[in-house]
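What follows is one structure encoded as structure tokens, with my remarks underneath.
We call the chains A, B and C, going by the order they appear; numbering starts again at 1 in every chain.
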Amino acid sequence: MDHRSPLERVLRALALTAIVVFFMFPIFWIVLMSLQTNETILRSPPSMSFVPTLKNYAAIISGELDSNAGSMSIHFMNNLLNSVLLSVFSVALALLLGVPAAYAFARHKFRGSEDIAFTLLSFRFAPPLLVLLPLTLYFQALGLANTYLGLVWVYQLICLPLILWIVRGYFEDISPDIEHAYRIAGHGWFATFRKIALPLAGPGIAAAGLLAFIFAWNNFIFALVLASADKQPVTVGALAFVTASGIQYGQIAAAIVMSIAPTLLLALWAQRYLVEGLSLGAVKG
Amino acid sequence: MSAQADMPVLRRSSRLSRTLLPYLLSLPALLVCIGILVPFVTAIYYSLQRYRMSQPWNRGMNWGENYLNFFTDSSFWNTLQVSLVYAGLTVGIELVLGLAIALLLQRRSRVNNFVSIMLLMPLMTAPALAALMFKLMTNPNFGILSYFMQLAGFQDFRWASSPDTALLTVILVDVWVYTPFIMILLLAGLRSLPTQPFEAAALDGVPRFEQFWRITLPMLSPYILTAALFRLLDSIQQFDIIYAMTQGGPGNRLMVFQVEAYLNFFQSTNVGRSAALLLILWAITYALSNVFVKNWLRLRERAKGGA
Amino acid sequence: MSHIKLKNLVKRFKDTEVLSGIDLDVPEGSTLVLFGPSGAGKTVLLRCIAGAVEQDDGEVRIGGEDVTDVLPEHRGIGMAFQNFALFPHMDAFDNIASPLTACGKTADQIRAGVDTVARLLKIDHVLTHTPKALSNGQKQRTALARALVSHPKVLLLDDPLRNVDAKLRFEMRLELPRLLADQGATVIYVTQDYREAMALGDRIAVLDGGRIIQNGTPEEIYRRPATINIAKLFGDPTINLLDVVPQSDASGVYATLSDCRIQLDPGLSGNVGRECMLGLRPEALSFTTANEGVPVTIEAETPFNEKAVTLVTTLRKREILVSRPAETPAPASGTAHITIDPRDAVLFDRQTGVRLDPNGTSHAAEKAA
């Protein structure tokens, strides 16, 4: 493998460059746009020479946006806050529900355990609207429509299978003898769960939580169907933003950058676990 | 016989409480399950009804009529066709590209690791937001991609706004977002393959191209299958990218299942038809997911054995 | 008080029975060695006693009380695992201290308890290390210390010397009997090493295929093994096994080896004419200078430290091993004669592999003992 011809090296380098350009260019370009005024964006031909400005970000943060029809107030920061709240609470709930269940599935092969685990897995693959549309009617009846609680509950559709299946794998990797040893030493099952199983599966739980956060953050359809403007996360909020006429393009770009930055940074941090998480534990990275 | 003074009385626990423990631990997750299964059953019920929210007086069971109507409903066949074409093209392109990139990055080196981390970025971008990014880049006034097209000699290339190129545009976004998914799965698969067959083949002087066909591809096939099925399951249900880009337009050019069902429900308030559409989609995904789960379990066992 | 009694213990995994009706009685303060090949069910049996695995049938009694419904943490047992099962995220001190923290001891009591047992096992200098930083021998001692630290009345040791190197195993084999005696606990010790079994056990129970095949003192197991298999598992060099057909005449029952009579116990007269195997321990054979005894040809001699083993062949080319204390005289080559002490000969049914008891009761009596 090490005896590569010079031609092959050059071709390889070219291919790698093309790949990086293709996949990084859109992000790079949107970041550039977010640092420009409308005037420089609209120049033809497009150019990369401009004086960067943070005005777009300032406008987004203050909520006072310039448009060609004058100033209007859109609280994109509110969407950002919603994204944070929804993702954090969804993951917290999914961990609270999913980790004990994952432990039960990993340690006790009780009747129906596999069926339940696979039912949860199948949620990951069922068309979300199938559940969401009837749910809108139920939510209205239950008073859950347009509440954080209702949304957090529905977000379990994405977070719970992920956490359940990844964390279960980590629990299964712990030798049962280690837990038996702690029990025999005189500790109850809960102490064993807390002092042995949880710390040993800790990295896996953290990774699963992080991934669930990313998926919750990136979700679009749940909030589109179930949330009205004041509860919408960035994914839905940004869409409304674009369709609102006359907003400056730089500001849209700034909003997009602020919306994707958190998940990109988290992904960099959790990259070691991404392969495992994305394949629901089928492939180890 | 009974407990002596220096022997603490043995604390007993009932057999029942021990059998119940795992159920209790998984009960909360189970309840959430049930909460989600109820709307599923409701959806089946709706799909068997004549049910428009705008005509509540006209509501009633019509049994299979919603489904039967699909046979003569050209917009249904359009939906089915668009969904299948979209899923087939995206997964096909992503597989070829993803495999090629994975092969290119197979060897562990600093550059390769850097590239594979960079490639995670599109995958971690919300698909809806990715669509918006491309919407900005394909804007006819200032979009950089429109400008490139102009340079390439395509005047007035209208991307998603033209029925001719709308599908191409959303596929481009899908490929941009999800190729890295297939790539990192296959890369992990490639790197987990045993090296002996390759060393043996190299010693025997088997050309590298032939090594790829005769060794790499067969050994990688479970990973390829899992990645492809995984993506197929998601792609046939694609909503975010298409809705954010064109809401199914122009016309009904991009009316895939979920977009069609969404618009049926919220715009034409035809709940019955919407539910029937989604159930057909569900049947397709259910069949696919059964195949998927089998492969996925096999890989999962292998990953655990190798760890 | 800590007398262990198992009654008809049954454990199944799916459809296979891994323990089929185990009866066992371990008097308080004694050590029982569970001996058997891997897969015999030794580990599962230990886990049933500890409560880590629940039996499907039968009962476990500790100190006269049925503990079936007692959770493992309340059985008052100390256990050492074959793979050590140390808590990887805790240092050696916390590992050893874990049984003490469970019963609400003060920090001072815990420190004192851990220090005592750590000194005893010579690991007091590595208490701050995590398991990863410990050598195999230190891991094994840490696991043992954890089992001993709370002075449990019942000690279950699952092949604790399996995963340590030969030198350490040798040392521990010398150390352990004293250590266990000092504890005063009732001990069940699992091993696959017959020397360990002989050195440690007050009694040995031989387990195979989920059943106890023989339960007796080390002496009994060695001298009167219930089956050919057990005879082969105990002893090094392994027992000589020769096909014979017992015969009888006026002077009693005998078998012939190279035309020489080997007198057998008269109680075996019921087995005349049966296809049998004669088991002769190598150390029960000795060379003789006289011309009586079985004539053999010396093939090779292997000297060990404490003994020398000679391979000889009979007239019909049957191979026999003869063992004698080192430095005792023996012919070096050529032909020689060996004598056999008939009291050391054991006779097995060739078909069933079961030992034929001189009193005709086979080994059933011992099994019940």
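Rule of thumb we're sticking to: a residue touches a chain if its C-beta (ideal position, glycine included) is under 8 Å from a C-beta of that chain, and two chains touch if they have at least 3 such contacts.
The model shown is predicted, which means the values in this text are computed figures rather than measured ones.
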Looking at every pair of chains, which two share the most C-beta contact pairs?
A-B
Chain separated most widely from chain B, comparing mean CA positions:
C
Mind checking the centre-to-centre distance between chain A and chain B? Centres are C-alpha means, answer in whole Å.
15
Rounded to the nearest whole Å, what is the centre-to-centre distance of chain A and chain C, using the mean of the C-alpha atoms as each centre?
58
Taking each residue of chain C in turn, which ones touch at least two of the other chains?
71, 74-75
Could you say which residues in chain A touch two or more other chains, in rising order?
189
Give the residues of chain B that touch two or more other chains, as numbers and ranges in rising order.
none
For the complex, give me every residue of chain B touching chain A.
19, 21-23, 25-26, 28-30, 32-33, 35-40, 42-43, 46, 101, 104, 107, 111, 115, 117-130, 132-137, 139, 141-142, 144, 147, 176, 179-181, 184-185, 187-189, 192, 223, 226-227, 230, 233, 237, 239-240, 243-244, 257-258, 261-262, 265, 271, 274-275, 278-279, 281-282, 285-286, 288-289, 292-293, 296, 299-300, 303-304, 306-307
Residues of chain B touching chain C in their complex?
1, 3-4, 6-8, 10-15, 18
Inside the complex, what are the residues of chain A that reach chain C?
175-178, 180-189, 191, 196, 199-200
Chain B-touching residues of chain A, taken from the complex the two chains share:
1, 12, 15-16, 19-20, 22-24, 26-27, 29-30, 33, 41-46, 96-98, 100-101, 103-105, 107-108, 110, 113, 116, 118-123, 125-135, 137-138, 153, 156-157, 160, 164, 169, 172-173, 189, 214, 217-221, 224-225, 234-236, 238-239, 242, 249, 252-253, 256, 259-260, 263-264, 266-268, 271, 274-276, 278-285
Going by the contact rule at the top, pick out the chain C residues touching chain B in the complex.
1, 54, 63-65, 67, 69-71, 74-76
